[in-house]
Amino acid sequence: MDQDHLRALLAQVSAGAVDVDAALERLRHMPFEDLGFAKVDHHRALRHGIPEVVFGPGKTPDQVSSIVSSLLARAQNVLVTRATAETAQRIQHEHRDAEHFSASGAVRIWRDRTIRGKGKIAVVCAGTSDLPVAEEAQITAEVMGNDVETFHDVGVAGIHRLMHSRERLTEARVVIVCAGMEGALPSVVGGLVAVPVIAVPTSVGYGASFQGLAALLGMLNSCASNVTVVNIDNGFGAGYVASLMNRL
Amino acid sequence: MDQDHLRALLAQVSAGAVDVDAALERLRHMPFEDLGFAKVDHHRALRHGIPEVVFGPGKTPDQVSSIVSSLLARAQNVLVTRATAETAQRIQHEHRDAEHFSASGAVRIWRDRTIRGKGKIAVVCAGTSDLPVAEEAQITAEVMGNDVETFHDVGVAGIHRLMHSRERLTEARVVIVCAGMEGALPSVVGGLVAVPVIAVPTSVGYGASFQGLAALLGMLNSCASNVTVVNIDNGFGAGYVASLMNRL
Amino acid sequence: MDQDHLRALLAQVSAGAVDVDAALERLRHMPFEDLGFAKVDHHRALRHGIPEVVFGPGKTPDQVSSIVSSLLARAQNVLVTRATAETAQRIQHEHRDAEHFSASGAVRIWRDRTIRGKGKIAVVCAGTSDLPVAEEAQITAEVMGNDVETFHDVGVAGIHRLMHSRERLTEARVVIVCAGMEGALPSVVGGLVAVPVIAVPTSVGYGASFQGLAALLGMLNSCASNVTVVNIDNGFGAGYVASLMNRL
Amino acid sequence: MDQDHLRALLAQVSAGAVDVDAALERLRHMPFEDLGFAKVDHHRALRHGIPEVVFGPGKTPDQVSSIVSSLLARAQNVLVTRATAETAQRIQHEHRDAEHFSASGAVRIWRDRTIRGKGKIAVVCAGTSDLPVAEEAQITAEVMGNDVETFHDVGVAGIHRLMHSRERLTEARVVIVCAGMEGALPSVVGGLVAVPVIAVPTSVGYGASFQGLAALLGMLNSCASNVTVVNIDNGFGAGYVASLMNRL
Amino acid sequence: MDQDHLRALLAQVSAGAVDVDAALERLRHMPFEDLGFAKVDHHRALRHGIPEVVFGPGKTPDQVSSIVSSLLARAQNVLVTRATAETAQRIQHEHRDAEHFSASGAVRIWRDRTIRGKGKIAVVCAGTSDLPVAEEAQITAEVMGNDVETFHDVGVAGIHRLMHSRERLTEARVVIVCAGMEGALPSVVGGLVAVPVIAVPTSVGYGASFQGLAALLGMLNSCASNVTVVNIDNGFGAGYVASLMNRL
Amino acid sequence: MDQDHLRALLAQVSAGAVDVDAALERLRHMPFEDLGFAKVDHHRALRHGIPEVVFGPGKTPDQVSSIVSSLLARAQNVLVTRATAETAQRIQHEHRDAEHFSASGAVRIWRDRTIRGKGKIAVVCAGTSDLPVAEEAQITAEVMGNDVETFHDVGVAGIHRLMHSRERLTEARVVIVCAGMEGALPSVVGGLVAVPVIAVPTSVGYGASFQGLAALLGMLNSCASNVTVVNIDNGFGAGYVASLMNRL
Amino acid sequence: MDQDHLRALLAQVSAGAVDVDAALERLRHMPFEDLGFAKVDHHRALRHGIPEVVFGPGKTPDQVSSIVSSLLARAQNVLVTRATAETAQRIQHEHRDAEHFSASGAVRIWRDRTIRGKGKIAVVCAGTSDLPVAEEAQITAEVMGNDVETFHDVGVAGIHRLMHSRERLTEARVVIVCAGMEGALPSVVGGLVAVPVIAVPTSVGYGASFQGLAALLGMLNSCASNVTVVNIDNGFGAGYVASLMNRL
Amino acid sequence: MDQDHLRALLAQVSAGAVDVDAALERLRHMPFEDLGFAKVDHHRALRHGIPEVVFGPGKTPDQVSSIVSSLLARAQNVLVTRATAETAQRIQHEHRDAEHFSASGAVRIWRDRTIRGKGKIAVVCAGTSDLPVAEEAQITAEVMGNDVETFHDVGVAGIHRLMHSRERLTEARVVIVCAGMEGALPSVVGGLVAVPVIAVPTSVGYGASFQGLAALLGMLNSCASNVTVVNIDNGFGAGYVASLMNRL
C-alpha cells in the first residue's frame, strides 16, 4: 500500500502533474498526525491490514480517548489493551459499540467483522487464574478476523481432561497455550498437535514462580519443537501473531 | 496416519479378522523399538509428517550412529544436530550421502527432497558470529521441504544494509532472525514485514550478554507484535516451526 | 541405636561397673575416627540404618580409597558418588566386588542385599540425556534395600508413551522423576499417581535452561500437589529419601 | 475407582445392556461439570481419596463460593487456601461449620474426620513470622486425616531449644520444617531424625533474602540427605505430600 | 575555582596577611554548611560550574524546601528531581519562578539562562511511555545551558519514522536515546550518527522486561560502538553528562 | 560523505550524464563487497572517519586475515580486537607493520598517525589485573588519533595514590576508568574531574563478582553524575567513544 | 551464666539436696516462658550479656507490646526494631521512658547505660537517604554500651569531605559504613583506617541498584581487606556485631 | 606513620633545612616503587602493621616472583594467595624458607613470628571440601601473628559433632566459619558463642548452589546477630579481618 501510494505520487511528479516540493510536502506530512504526545501511525494499519491497537498502561484516560477517536476517523476496528476501568468507561461513553472485557482490561471496537483467517485458532488455558491472559489472546484474534475456540482449565496435572479435548484441538490451524506456574502445558499440547503452538507464560503462581519467570523458562526449553514463546502475560502478542499465521 | 492405522486394525477386529489379544499385542509393540538406551519413536514422524531428528549432545558416536541406522530403516530424511566431528565422521562412514555442516555440527541425510512449503522462508543473520545458528535453521527448514533464502551480516547498527534487502525480505512467507548481543534485529525486521517473525537469540557477545540472556530478553520484549521467540541458539527449533507455518 | 548404646553404658556407670571418667572417655572417642582430613562418622550409619556414602568430588583417589576402607571395616554397604575413573579403578583394585557405573560415576560395594522397602520404587526418566542422574537414583535406592523399576525416555512431548506405562507406574509406592529442559514431567506423573513424587531437575538442556535452573523452577511450581523437589542432578538424594519413604 | 466405574460401564456395553453411543455420552459428560469459569474435577478427589481443594488467589468471593458449594454436593471435606477475609466471610455465611484461619487465610470445612495417617506428622517452625505457613501445613495435614504435632520458634541460632524437643520430634513419621531467612533449620532437623523431612522455605526475611530465595536455595543444597523441598510459602503442598507419605 | 580560592588564601598566608590557624579555620568551615540532615556542598557547584541538584526521593517537603532555599542563597539555578506533587507545590509557593514538570516530577528554578553548550543536544524517545524519562533529560540539559531538540515516538518497529528524522538527528553534537522494552533504539541511532550516543534504559515494559533490565542489557550489548549507558530511568544523568560533552 | 557522493551521482543523473539504471546499479553495488562470510562495510569508515575494526572472536585466522587484507586495500588503519596468538601471527606475517598486544590480544596496523583529538584522554586502571582492558582502550584511542596518558594501579583502597595523580588527571578532556571487583573507582574519579568519565567494568574478581556483574552494577549506580558505562571488559568501546568525545 | 546455673543445680543434685526429677523439671521449664505465639528466650540475654531485641515486622502491636512487657520483667534494656508508628505509640503508652526513632522505626528502652565498649564506634553514612539505616546502627550500638560518633553525608563522589573527617575516623576502634547505590564507601574507608570495617548495604538507589543488590555485591567484592558485610539495610546487625568487637 | 614522616619533613622545610622543591620531590617519589606493571605500596604495610600480600591470579610467575623479591627487601613476612604450582616453585627456588600450601595455593614467607593477637582465633570448617578455604584463612591469621585452632568436618547435619567441640569453641576470641552448600553452619555457631563470627561462603556444592551463591545468601540472612560475611571463597579476607579484631 505504502509503495502503491508512493509510486502513484511519483508518477504524478514524473508526469509534471505535481512539482517536487509539493510532493515532498505531502510525503512528509501524510503518514503522521501529531497529537502532541504521540504520533499515531496510520501507515502501520495499512502495512499490516489489521486493526489499530493502543497499549493502555501509562496513558491517561484523556490520552487514550483522544488516540482512539483519531484512529476511528480512519479505521474500522480498534483494540485498547490493559485499560483502567476509568479509561474503559470514558471510551464507552464516546463510542457506544465499544465492548469492555474486565478480566483483561481490553476495550474493543469491532465494526468490520470479516473473517480473514483460513482456519480455526485454539486458545488453551491451564487454569482459572490464567483466564485474563487467554481472554486478551481470544479478543485480539477475533478482532483480527478469526474463528476462535477456547479450552479452559486443562492443566497438566489432570492430563485426562486435555486428552478429552484432543480431537477438537487437532482441528485448529494454530494453537495458543496460556499457562503459569511450571508452564508445562505447551510441551504436552505441542506433542499432541502438528501445527505451530504459541506459548504465553502467565505471571500466575507464587514463590519461586517469580512473576512468570519459571513458566517463561519452561516454555523456552520445551522439548516439543513446534513451540515458540512470547512475553509473560502477552495475550495480545499471541493473538496477533496467531492471526498472521492463520492468514498464511 | 496414526488414526488410519488404528481404524484399519480395529475394523479387522470388529470384522473378526483379528482377535482382540492379537490386536492388543500389535498395538502395544508396534510404535516403539527398544534400543536399550532410547525408545525411537516412529510414530513421531508419522504424526508430524517430518524427518527424524536426533539431538546429538550427550550421546556417544556409537549411540547416535545406532539410532540413525534404526531410523533410516523406515525414514527417508534424518537430521542430527550438534554432532561432534567424530560422530559426524562415523555417520558419514556408514551413510555416504550424509552431509556434514561444520559450523553448526549438523549432519543431514536428505533423500526425499519434495518441496512441501507453500512459500519462501527467509533466514536473517545479524553478524558473522551468528552464522552457526543460522546454518542450523536453514538446514532444518530445507530438509523439511522448504525453499530458503538467507540474508547475512545485516545488523541494526548498519540499518542501510537491511533496507537494501527489504524488498526481497517481504517476499518471504515466514522470517527467521538470528541475532546475539542486544538482539534488536527482530524488532526492526518485524516492523518491515507483515508475516510471522521467529526470533532466535544467539549466545554471541561478551560481558553483560550473559551467554545470550540479553538477546533473549530483548526479543521477548520486542515492540513488534509479529515476533515470537525460541530458546538461545535454537536454530533447529526455529527452522522446524517455520516449516510448520510454511505448510499452513 | 545411639540411645540404646548410651543407656547400656550409663547403666554400667550407675551400677558401678564403669567409672565416670572411663565412660566419658569411651563416649568421647567412640563416634569419630580421625583420618586427618575427615571425621568418618560411624554414628551416621547407626542412626539411619543405611549404607555409608562418600561424596566423591574434591577428594583425591587416595582420600576416597582410605575412607572406603575405613568404612568397610564396620559397614556392609558403601556407595561412592561421582567418582572419577581413576578413583573407581583404585577402589575396584582394593575391593573386587566394587561395581562401577560409568554414566553417573557411582561406585557401589553391596554386600548386604536385604530388601527393606515395603513396595516398589519407580524411577522415571524424561530423555536419554537424563540417564546418568536416573542411574544414580536407581543405584542408591537398590543399595538401600529396594526393588526398583525404571521407565526411560517418556518425555511429555510424546505423552502417549507415558500413558502406555501408566498402569505399571501406579504400582509403585514412591516415584522418582528425572527431567531436564522444561522439567514438566513430574507434574504430569504427579497427576497420574496417588503417591509421593520426588522430582529431580537435571542440568540437561541448553541456552535458557541455565544448567537446570529452568527445570528446577518448573518443578517447584508444579501444579501437582504430590511433588517435592531435590537439588539439580541430585539423583543420590532422590534415591535416599525415596528409600526412607518406602520403609514407612 | 475410575477404572471400576469404567469397567462396570464397559461390562454393561459388552453385555448389550447399554449401547455404545449412550455409553460414550455418559463417559464424556460424567467427569466434568462446567461452571462457566472452571471445570470442577470430581475425578480428582476419587483418584486420590482426599478432600477437595480450592486455590483462592485470583478468584472472586462469588467464584470461590460457587465452587465450594458445587464441591460440597459430593465431598465431605473442602479446603480453601489463601482466601481473602471477604471470601472467608462469604463461605462461612453459607456453610456454618466452615473454619477460618486468619494467619494463613485458609478456610476449612471438615466433616469426615477419620484418621487415615499411620503415624504422627510434626510441623516445625523456625520463628514467629513463619507461623502462617506452618498453619497452612498443619490444617492441610489435619483435614487429610492426620494427627499433627507442632514445634514453634525453634530456630538454629538457639540450637538448645531444638535439642530440648528432639525426643518428641523423633516420634514423628514425617517432619515438615518451615523456615525463612537462611533456611538452615531443615538441615539440622534432617540430621536429628531418620524419616523424610519436607522443607518449606518462607518469604520471611528482608534484604538479601529476596522474598524466600535465600531460604529456598539453602534448603535445596541441604547437606542432610533426607530433605526434599516444596515451593516458597507452600504450606499446603507440604501438608499434602506429608499426608501421602503418612498413609504409606 | 577551588584551586584559585585556595591559592589566593595561601598567598595571603605566605604574605603574612592571614595567619595559619585562621587560614585553616576558614578552609575547614567554608565548604560545608550543616543543615542538620545533609551537608549542602557549595564546592560541588563551583567545581563543575553547573546548577545545584537535589535528589528528591526519601526527603520530606520540608527537607527539600529548606535545601532549595539554602542553595538559592548562592546559586542561580536549582533542579529538584523526582519531587512529589506536595514538594513541588511547597517549592513553588516559596519561589514563584519555579517550574514543575509533572511527568518526571522535576522542579526547576532557572535564572541564569546563558547558553554554554557548543552545539545542539538531541533527545530521542522510543514511545509515549518513555516521555517522563526524556523530559528529565531535556530539562537537565536545558538548565545546564544547552539548546535541546526532541524526537518523540520513533521506536524501532516503525523504522521509517526514525529515517524521516535522520537528517535533523545528524545535526546534534550529542544524542540521548530513551527506550524501554527491548532497548534497541540506541543501536539503530548509533549507526545513523557519528557522535556519542547516551542510552537511557527505561523501566517501561511488562513481563520479562523486569523493570528495565532487558533494555539495560540490550544497550550494554549494543553493536554500535558509540553508545554508552546510564542507569535505568536516569534521565538526569544522561542530560548531565551530555551537557559536559557539549561543552568540550 | 555518503550524501556528497549521492548528490554528485544524482547530479550526474539529473544532468543526463548517467542514466537511471546505471546509477541504480552503482549505488546498489558500491557500498558492500561480499567476501562470502561477511559484508565488509566501507561506508562505515566513511561515515565515521575512523579506522576499520575487526572483532576477532569466533573468526578463524583465515577469515580475519582475509578481512584485514580487504580493508587495507582502502583504509590506512585497521584494528583487530581479541585475536588469538595464531591469528596475530598470521596477520603479522602478511603485514609487517602490524603490532601485536598480547595482554589484550589486539593487533593494530597504524599508518595514518594524524592527531585528531583536541585534548588528552586519560586511561585510569584500578589494579594490575585490569591492564588488558585498559590496554585495549588505550590502543583504540591512539589509533583513532588521540594523545593518551595512562594511570595504573590506583585503586580506591589506597586513595592517596589517586590523590597523588589528581592534578594530571584533571588535565584530560575525557577519562576512561577500568576497574573490576567492586567497581568503585569511577565514582571517586568522577568526583575529582569535571569532564565525562567512561566507566569500563572488568571481569576481574572472584566469588560474588560474578564475572564483572558486581562492578557493572556499581558503575551504573554511581553517585557521580558524569559517569557513563560500557559493557564488561569493553575497552574497545570505551576507547572508541572517548575518541568521538575528544573530537567534539 | 548458663553453665554456672547448671553446675550449681547439679551440685545440689549430687549433694542430694535436690532429687533428679525435681532438677529435671526445673531445667526443663526454666529457660522458656511460653507466651502462646513465641518463646521468649531469657537465656539469650544471659548468654550474651546484651539487651533484649524484638524484631518488629510481622508482629501486631499487641504481640510486640506483650513481648516487651515480659522482657522488661527481667531485663533493663529492650530494643524493638522496625516498629510501626502504632506499635511505637502502644509501647510508649505503657513504658514512658521508651524512645521512638521515626526514621528507622526503632523503639528503645534504655535503663542500664553502663559503657561496656573499650573504645569509640564510628558510624559513617554515605548520603541523606541512608540515614534510617545508620540510625538503627547507632541506636543499637548505644544501647549495648558504646560511645558512638557519626559521620553523615560523606559519599565517595565528594571524596574531600571524607578526607576532612579522616583524622577523627582513625580514632574509632570499629567503623560501620552505611551506603546504597554503588556501595563504594566501605572500600575507601577501609583503605583509610586500620581497624575492622562493617559494611551495611542500603536499599537506597533506583533502577539497576535492585533494592540494594548493587551495593551488596560491591561491598562483598571490596578491594580493602578489612571489610566484612551484613545484610541489606541491617543496621541492627552492624551495631550488634560492632559492639561485640568493641568489647574484645 | 604517614603523618609522622610528613611532619618531620615539613618541620625540616619550615626550618629551612630542606627547600620546598626538594621536599616535594621526596614526597612524590617516596611512597611508590614502580616495577613497570604494578606499584608496590610499602605504605600499606606501614599503615596496617601487617605482612605484605600478593594476590596471585592473573599474574605470571615472573611478575609474582619479582614483586615478592621487592617486598622482601623491606618486609619480614610475605603471603602470596592462589599461586599456581609453577609460581610456588619459582618462589621457593629463590626463597628457601617459603612454605607452599597446595590445597589453597598459598605461599608464605614467615620470618617475624611475633604473636600480636590477644587471644585465640578458631577456624571452623563444615566439610572436607571446604578445607582449601579454611587453610587460606588459617595461614593468613597465623602470618599476622595469631594462635589459631581449627575444627574440621563439623557440618550441621551431624550437629552432635559441633556440640562435642562447643566448649573449646567458646574459648576463641574470634571465630571464622567456612561452609558451602546451604551455608547454615555460621548461624548455628553464632548461637553457641558470644564473640564475632566471620562467615566465609565457599563455592563447594553443585546444582542450585550456583558456585557459592546459596551459601552466601544464607549467611547474609543469618538469624544470629553476631555474624558478618566476606566474599565467596575469601579465606584470606576472613583471616585478615579476624586478625584485626584479635588485636583490638
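As written, the chain order gives the labels A, B, C, D, E, F, G and H, with residue 1 at the start of each chain.
As a convention for this text, a residue touches a chain if its C-beta (ideal position, glycine included) is under 8 Å from a C-beta of that chain, and two chains touch if they have at least 3 such contacts.
A quick note: this is a predicted structure, and the numbers were derived from the prediction, not measured.
K.L.:
Just to be sure I understand: going only through chains that touch, what's the smallest number of steps from chain C to chain F?
P.N.:
The least step count works out to 2.
K.L.:
If you tally the C-beta contacts, which comes out ahead, C-H or B-E?
P.N.:
B-E
K.L.:
What is the distance in Å between the mean C-alpha positions of chain A and chain H?
P.N.:
It comes to 59 Å between the two C-alpha centres.
K.L.:
Would you mind pulling out the distance in Å between where the CA atoms of chain D average out and where those of chain G do?
P.N.:
For chain D versus chain G, the centre distance works out to 38 Å.
K.L.:
I'd like to verify one number: the distance from the centre of chain A to the centre of chain D, where each centre is the average of its C-alpha atoms, in whole angstrom.
P.N.:
Distance between chain centres: 38 Å.
K.L.:
How many Å are there between the centre of chain C and the centre of chain G, using C-alpha atoms for each centre?
P.N.:
That pair's centroid distance is 42 Å.
K.L.:
Among all residues of chain E, which ones touch two or more of the remaining chains?
P.N.:
Correct list: 127, 158, 207-209, 213, 216, 220-221, 225, 231-232.
K.L.:
According to the definition of touch, which chains form touching pairs?
P.N.:
All touching pairs, sorted by chain label, are A-B, A-C, A-D, A-E, B-C, B-E, B-F, C-D, C-H, D-G, D-H, E-F, E-G, F-G, F-H, G-H.
K.L.:
Could you list, by residue number, the parts of chain B that touch chain F in their complex?
P.N.:
127-129, 131, 152-154, 158, 160-161, 164, 204, 206-209
K.L.:
Spell out the residues on chain H that touch chain F in their complex, using ranges where they run on.
P.N.:
Within the complex, chain H contacts chain F at residues 28, 31-32, 37-39, 41, 43-44, 55, 57-59, 63, 201, 203, 212-213, 216, 231-234.
K.L.:
Could you pull out which chain A residues touch chain C in their complex?
P.N.:
126-127, 155-159, 180-184, 187-188, 190-192, 205, 207-210, 213-215, 217-225
K.L.:
Enumerate the contact residues on chain E facing chain F in the complex.
P.N.:
Its residues touching chain F are 47-49, 53, 118-119, 173-174, 194-196, 198, 216, 220-221, 225-232, 236-237, 240-241, 244-246, 248.
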